[in-house]
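Everything below concerns the one structure shown next.
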């Protein structure tokens, strides 16, 4: 089976500093892939490259076999790759509902088809924002802003969805919301999810495979239980929280 | 803090008028007037920060731009109101400096020396002192600097004060080089942005290099082009640099 | 936007606009100072066209006068050379400024936030220098129109038509899909891009419309005053006035720039006659005051009054 998303040997340098160094990864239809690694490992930079907000110094990125390396973020979104931001950045003066409607309006839903809900209120409900629809987005708390990130991404009717620390910063009781929603997106709607997360016990229970980045390089890859036992990964996380 | 100060050049004008009046009324040499314009600029900057800038630091980016544009209008029009549009200059000259086969007019030599001293001092301040490091930390990442116990408000106050005190002290040097009017501030604002973009944001030595580069480019260009066109050269350089290197020739993101 | 608390709101607005248009269209019958109305309308177009770009996208264009000056020159050249009727001249001036906007957008709209604002100051400076040294447009002397172009009635009605067109365009931009895109860009550009909004396209579109109407206003102004030279055509105080009017009235709103232009034109006229430099001081104070105390301008107060009268103010859109 061909990969939906293929990142091939991608590097990014910022004025001499190597943020991402020759990373490759694939993701297939209907799977959840984890992307973990210590702070500064280059995970978000990789997301920024996949979603087109920055362009790689070298390497290519393919979506359904099509080279999307130098496309703009809005093109990439309309093709079917959605993202959330690590620090939520909603349209602050719009209501929650209007945020989602905007994404519905411009995400290119019509041409993508799919079975994700096409109604802003349904999407809010799916993301757990049913009773917050009328609130201006800037007045939301951290948890609800994370949910709005998710709702907005879903509203663009993506085939691939990039989640950047959607569970970090949530109260422990809300972790179930994140894992439940990811499982639903993958299982019920057949989406491909790539998920950056620091909260290990949340991500390791949810994803099918994990890639581990450290200092910009890919240091391990495999099923969650294999990766956890990997010597190099333990080294990278020494002193950090595992499990 | 991310406030682009459109009124920056108008503080240069204020410095020029301060030195002018000190000279005219009490015969103070413009070089000595630095002792006044530097602390005076700091006080002005701190006061502007506390009364105006502080309140828009967290607003959408267009608000500080409008605010400082309004401030620029206010300063230049008040100076017009008080002192009329008449060109003024300080009638003072210094012995030219002759060395290494070039003769520098005295005023130019003094102003250039001041520029180097100020840039080096500012760099040392930013690199070596606690306060300087705090300013850099806030520039880098306001949120995490706050977490480390830095008060971004105080850092904003001090850095704005320093910025304005440099602007007013530059005014003291300008009077050694040229005559001036209440409306010259806009040109200096534009020039200072061109230079900062050339040299990279937050780098005093970069600014020095940027200033020299711009000066050289303008002078070389004026060999071919009509002298009246030179003011536009800075802008052309600005646009080219912004397109090629959005974070400056020497800066990094 | 639905105004549930004020069901007649929409009808009321349409009625008020129609009444205003009717009064202005019949004004020559009973009002002798047509040039006063002409200049108020001219400023309304300048302020609203500034608002179309800066108010909707959040990018500050300090060089708005460049479109006005460019339009003025194109109109002046066509009329002075008897190459086109004034009507064609006004239209051509608008198109020329729109084209200039498109050209300028290519390098400058890649810049974000303050960088764009500063580049716009530079564009102003550069355009002035070019026109000041360009023999084909009269260099520093500029261009003077022959006296045959003294046509007060035609000038007034063309001005009225352009103003109506400008406000209608602004209304459509604000209340359409395009308006939603621009609102999103203004509030959070990265997010806007991430949900499929082609930010560069919408910003360029806004700048083109902004240039189109400012250009027509420029040609109309030269038709009326008959003389144009670089310092008057590219005077930054024209941008300053447009900014003050838009801010005072309420940036990002349709009626704000209109209100601001009506109020500030009168004030400015009075000050210019009596206290020459005070006019600029007042504009500086107005801008600072609006930013500090009423970022949504007079329209912000209008909303507050409406809220007091029974809820239902505008929930989104509006001020920056």
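Residue numbering begins at 1 within each chain, and the chains themselves are lettered A, B and C in the order written.
The working rule: a contact is a pair of C-beta atoms (placed from the backbone, for glycine too) under 8 Å apart; a residue touches a chain by one contact, two chains touch by 3 or more.
These numbers come from a predicted model, not from an experiment.
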| item | value |
| --- | --- |
| Taking each chain's C-alpha mean as its centre, the one farthest from chain B | A |
| Chain whose averaged C-alpha position falls nearest the assembly-wide average | C |
| Centre distance in Å when chain B and chain C are each reduced to the mean of their C-alpha atoms | 32 |
| Rounded Å distance between chain A and chain B, as computed from the means of their C-alpha atoms | 44 |
| Shared-contact residues (touching 2 or more other chains) in chain C | 187 |
| Chain A-touching residues of chain C, taken from the complex the two chains share | 177, 180-181, 183-184, 187-188, 190-200, 315-318 |
| Residues of chain A touching chain C in the complex | 51, 53, 72-75, 77-78, 82-83, 85, 89-95, 98, 102-103, 105-108, 136, 152, 155-156 |
| Touching residues (chain side chain C, partner chain B) in the complex | 54, 58-60, 62, 107-108, 110-111, 113-115, 117-119, 121-123, 125-126, 129-130, 132-133, 186-187, 236, 240, 243, 247, 277-281, 283-288, 290-292, 295, 320 |
| Residues of chain B that touch chain C when the two form their complex | 2, 4, 6, 52, 55-56, 59-63, 65-67, 69-78, 80-81, 186-187, 189-190, 193-194, 197, 226, 228-229, 231-232, 234-236, 238-239, 242-243, 246 |
